[in-house]
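Next up: some structures, all given as structure tokens.
Two complexes follow with subunit A in common, the first pairing it with subunit B and the second with subunit C.
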Partner chain A sequence: MKNFLIFLLLIFGGLFSAIVLKKNSDSGKDTRPVLKVFAASSFISQWGPGPWLKEAFEKTCECRVEFQDGADSTILLQRLKSEGRTGGADVVLGFDQYDLELAQQGIEWRKLSLEDVDFDERVRSVLVRSPLVPYDWSLLSFVVRKSDFSVLPKKLDDLMKPELRGQIVMEDPRTSSPGLQFLLWLIQLKGEEKAFQFLAAFNQQLHSYAPSWSTAYGLFQKAQVKTTFSYVTSPVYHLVEDKSTDVIALEMAEGHPAQFEFGGVPATCRNCELAERFLALVLSKEGQKVIMEKNYMFPVVNGVQEGTVFASIPKYKMTELSVIPSVSDRERILKKWAALRRGE
Partner chain B sequence: MFVAFFESVKYVGHLLPISFLRVFLGYYYLQQALARFQGDFLTRPRLAAQIGEALPNLQVPDWYRVFLETVVIPQWQVFAFLILGLEFAISISYILGYVVRPVALIGMALSFYSLVLSGPQYEDLFKTFIAIHFVMAWIGAGRCLGMDYYFFKRRRGIWW
Partner chain C sequence: MSTRWGLFAFFLIFLFFPYGILLSKFSLALQLDVPELWWAFKNSTLQALMSSVGSFFAGLFLLLGFFQVQRASFYRLWMTRPLEVLLLLPNFLPPLFILLVLLSLVQPFPTGIPGVVLVHIMMNAGLVALLLKSLIENKLRPLVEAAYMEGSGQWRFFQASFGMLRRDLFAIFLFVFILCFCSFSVPLIAGGGKATTLEILIYEKIRISGAWGEALSLSFIQMLLILLLSSVPFQARKNLFSSQNPLPMLKSRVGMVLLFLYCFGLIFYFLSQSLKGWLQVFAVQGLWQAALELLPFSLMFGLSVGGLVAFLLLLTAWGAPDEKLHRLISGMVSPSTALMGFSLLFFISNESPWVEIKWALGFAYLIFSTLYRWGWDQKLSGLRDQIQVANLLGASRHLIFTDILLPQLLNPLAWIASVASLWALGDFALGKIVMGRDASLSLLIETLMSSYRLPAAHALMGLLLVMGCLCFLFFWGIAYVSRRALAEKI
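Up next is the complex of A and B:
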């Protein structure tokens, strides 16, 4: 018993000393405030815009920028709700327009002053929807290799041709934002009943449903399929990286759905003034140029695309955003989609 | 003591697989404890948040719920220090094979606490941990390739 008590005493004594030593050594370290930015992995990875924004901001802010990988938007929202102020998120990036309702349930956001930002006309329509601010966007379409087609599809019904059977890969709308965009776009175009009738036939044309955009696009890049649903900016990637003009985004007669990515400053921020300055950098022309070039998405402000390869992208017709379905309505639609997939 | 450490293989060699399991578990606890020490377990109310989140769904007696709410959550720093200290104690004890029996009882208590507070996805893990700690205590796992053999040989008793 005596040995046991001495052992415990030594362990706790050692731990106490270690804590004191750690505190002393930490106090001599960097004392600048830390700006915590929660963002998607693609944003903060070395090929994303995160590292440039961090470097540029740290030059002027007298602070350190720390990125936290937010995985996906659902997990990010859960973390924000459960951790609140203790989580320490100052800036959050990576929601799309369908996350806005969830993002405002139980989380308060700071109202940002955006008077000085010269937003693109097509982005202004989403600004009024929430206190969160869009920082990039793109239209979506079917991306193809011109060389695979003698006649390019021009409307959705053209995708039902026999030569495309098993040649289309789509994203699962339950796990992927482009997949959800396609499903809701279809419902907006055709109405729910007809959209599901179309889907029942369209599913026969598919190679598979991929869990994410990257998996679907990977299959397209490896030429295992002839087309996938992606961003109209995706061909720019092939133009820049592969010097290839063979990949194009189809221009659909029905128009194209848009995806906007949003960011914001939660009311529980610790370095709120720095957070707002960081978002201002994200929305500045320099920041937008980097986001455009690294994320392959359109900038939300005017005067950035001009003189770049992005200016050569044709002006696709945007399907106007109708009412965004509520979370419960979306769940119902996804359940219906899953039932259709199971063949019920 | 050094001679006794290796001599134990000769006399209680049948416990060698158990001592491997003991050292492995000690290493696991050491990793856990070091990650917590280097992270923010002691500086941020992670423990309080974890208990706060688990409380509404906890199937525990009322007195324990009150204890968690009124004592542990407000004093989270003291309890975080205790938990971390006990994890270090388990890890060092298991790796050295010293005072394994009483420490295994602490390990059971700590695993039970984790079982109550963690979600269902960790239920099997912590139940298995409780069973392993119990076996360690029952067998006296520090007697093979451990310092406990030295004391067991000289003093006997239930502590070794």
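Up next is the complex of A and C:
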């Protein structure tokens, strides 16, 4: 028994030491101010743009950047509302255009000075919508493997062909941003009534509705379906990492919806000046290049794509963002979507 | 205050603490959309009912296959115990993993309630098989032997003995029903929008409209329903591991084929998909290093959750037999993960080491009542007579606990603690909210999946399973040494 207790002590001691050593090597006895940045896990991961931004910013700021995974945007917003200053968020990244209304309910944001930023023409339309600022974007489309098709679909109706029955995976619009984008895009294109009529038929073509983009894309990657709704920048991932040119995003005659990712500085920030400088780095050409290459999304400023693999992406037609539905309207539309699914 | 009341108060506070925090932040919504609630309730009930019935029949077939394996002496020597563990594997693995296997096997996959039921059956059939095995071995062994001598067929035997096992079968059925009723990720993934259950509705309220008050009200309603279900006065013997001696007569070759497919299909699929994943793990710069750095914390977290659950279960044993405590824990359902995670953000500090402690505590909370219902409750109730006799003979609570209860509880305790560890190793939903960074291997896997790198995520899942095995060895080691120490003492 005595030996066993020593054994237990050694195991826990070893594990504890490993964790403590790792923590000490991470922070040491650092007394610099800490800039707390909330962002999505893919942004702050080892292979995301976060580590580069952190390193570049820490070289000049006399501060330490600490990333926090913001988890789900709804939870993050509620957290910002409830915690206020005690939460310590200085910069928040990772909302899409449909979060903007909720983001302005009960949360104050600092007005940012963006005069010096040379925004891409197509991004300018969303700049006026809120005090939050877009930092990357992409159009969305159906992503396919060229080798699976003799003739590539060119419009939405082409997806209704019998050979694609059970070969399309879509994201659930209640739980996934691309899924919601598709639904609202459809309504924008066809009007609500006709969009739901189309959807009733389109749903019969589906393999399934996945709860998240990653699950849907996983099914596509595992070749269990021929197409999924994703970003037009997704093929770049396969080009860079898999050296494959087989995956492409379809060019649709109807145009393509866009997803913009926003960030901002809450008024309750502790290191507000540093936070604004960090966002400036995010919007700088260097920062944008890293975000583009690591996040596989388009930059929001001009002069970054040139000379990179992103320049080879065809110029897809963007469906202009007209009206963003209010939260209550969105809830109504999603209830209608759920009712449609219920009846199938 | 007596020890029992003290324990009851402790568990009451422990089990209601997230609700307490949430109530201090949000007011309960009193006006709910009744048709929507009814629809979700109907779906929850229907899918849970069909899943339980399906798991029951699939479990029975697997069991007959198991008995067939047990009869072959060549296999019996080395295969039965690993088979028992493999039967439980689908219950441990992340639902997404099971779903990917099913999606490649079942084309087209039937989303909606049929899909949810299919995944639930796949996940629970093995568990049911083991529960039925224990039941038959403990209650019917002499009868099976007698029926065999009289020349009865196995289906005739099952028909005749059904009446004797009615209450036990219903208790097992209820256990699976509650598991499926409260399931979240399976209806979310396999439901495809057609099977909105209560758990999904709670999530939707938070995700779509930020209606936290409504989500909390729905959570309370769900808890009341489970409380009602748990008050059904049926008792059964639920024991996962029992005798290794084969029973005569009961067997099925078809069942044996199903058993092997069920047990080895997952492993084979996993290995066949892993190679490309490992290549990617080493190809992505810094990924392997990051995974290695996360191993100590992941292991520590898994062991801590296992230890916490074991500690809580031992507390219930200290107070046993206590009917009111049993009712409280059996009827308790944790709030949905989003609500739980959110409540933890407002509990103590969000700095290290508190945040790690909160995650372990929160996760132990989430799985505690399920694991309590997973045979521990019946194990305790089975010891009731011994405790009463010891009480009559004047034994102290301490003596009863150390000399009577502990030696008999160490095996199930090690088993449940191991399961808790494995579940903890795979958690990313709560960890994502509470930790705010890729602090463990499961969180890293989740991040990989949301950034195109599914093969690497797949491969690292294998590492999680290896760590799960280490946790098993750890808790079984503790149980073994403690048993020996107790035997020496006695």
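Assume the second predicted complex is superposed on the first by the 314 of 344 C-alpha atoms of A that agree within 3 Å, B and C clash if a C-alpha of one lies under 4 Å from a C-alpha of the other, contacts with A are read in each partner's own complex, and residues count from 1 in each chain.
In this section, a residue touches a chain if its C-beta (ideal position, glycine included) is under 8 Å from a C-beta of that chain, and two chains touch if they have at least 3 such contacts.
Here the structure is a predicted model, which means the values were calculated and not measured.
When the shared chain is aligned, no partner comes close enough to touch A:152: not subunit B, not subunit C. Counting the residues of subunit A touched by each of subunit B and subunit C gives the higher count for C.
In the superposition on chain A, contact is made by A:11 with both subunit B and subunit C. In the superposed pair of complexes, A:218 makes contact with subunit C only, with no contact to subunit B.
Of the two partner chains placed around the shared chain by superposition, subunit C is the only one that A:338 touches, whereas subunit B remains out of contact. Applying the stated contact rule after C-alpha superposition, one finds that A:253 touches neither subunit B nor subunit C. Contacts of A:69 after superposition: subunit C is touched, whereas subunit B is not reached. In the three-chain superposition model, subunit A touches both subunit B and subunit C at residues 1, 4, 8, 11-12, 14-16, 18-19, 22, 82-83. Subunit B contributes residues 37, 42, 44-46, 49, 53, 81, 84-85, 88-89, 92-93, 98-99, 102-103, 151, 159 to its touches with subunit A in the complex.
Listed in rising order, the residues of subunit A touching subunit B in the complex are 1, 3-4, 7-8, 11-12, 14-16, 18-19, 22, 82-83, 86.
Put simply, subunit C touches subunit A in their complex at residues 25, 36, 39, 96, 100, 103-104, 107-109, 111-112, 115, 188-189, 192-194, 196, 203-204, 206-210, 212, 280, 283-287, 290, 293, 296-297, 299-300, 303, 338, 341-342, 345-346, 350, 352, 432-433, 435-438, 443-444, 446-447, 449-452, 454-455, 474, 477-478, 481, 484-485. Residues 1, 4, 8, 11-12, 14-16, 18-19, 22-23, 38, 40-42, 44-48, 67-72, 74-75, 77-79, 82-83, 87, 102, 166, 172, 174-175, 206-215, 217-219, 221-222, 224, 234, 237, 241, 296, 327-328, 330-331, 334-335, 337-338, 341-342, 344 of subunit A are the ones that touch subunit C when the two sit in their complex.
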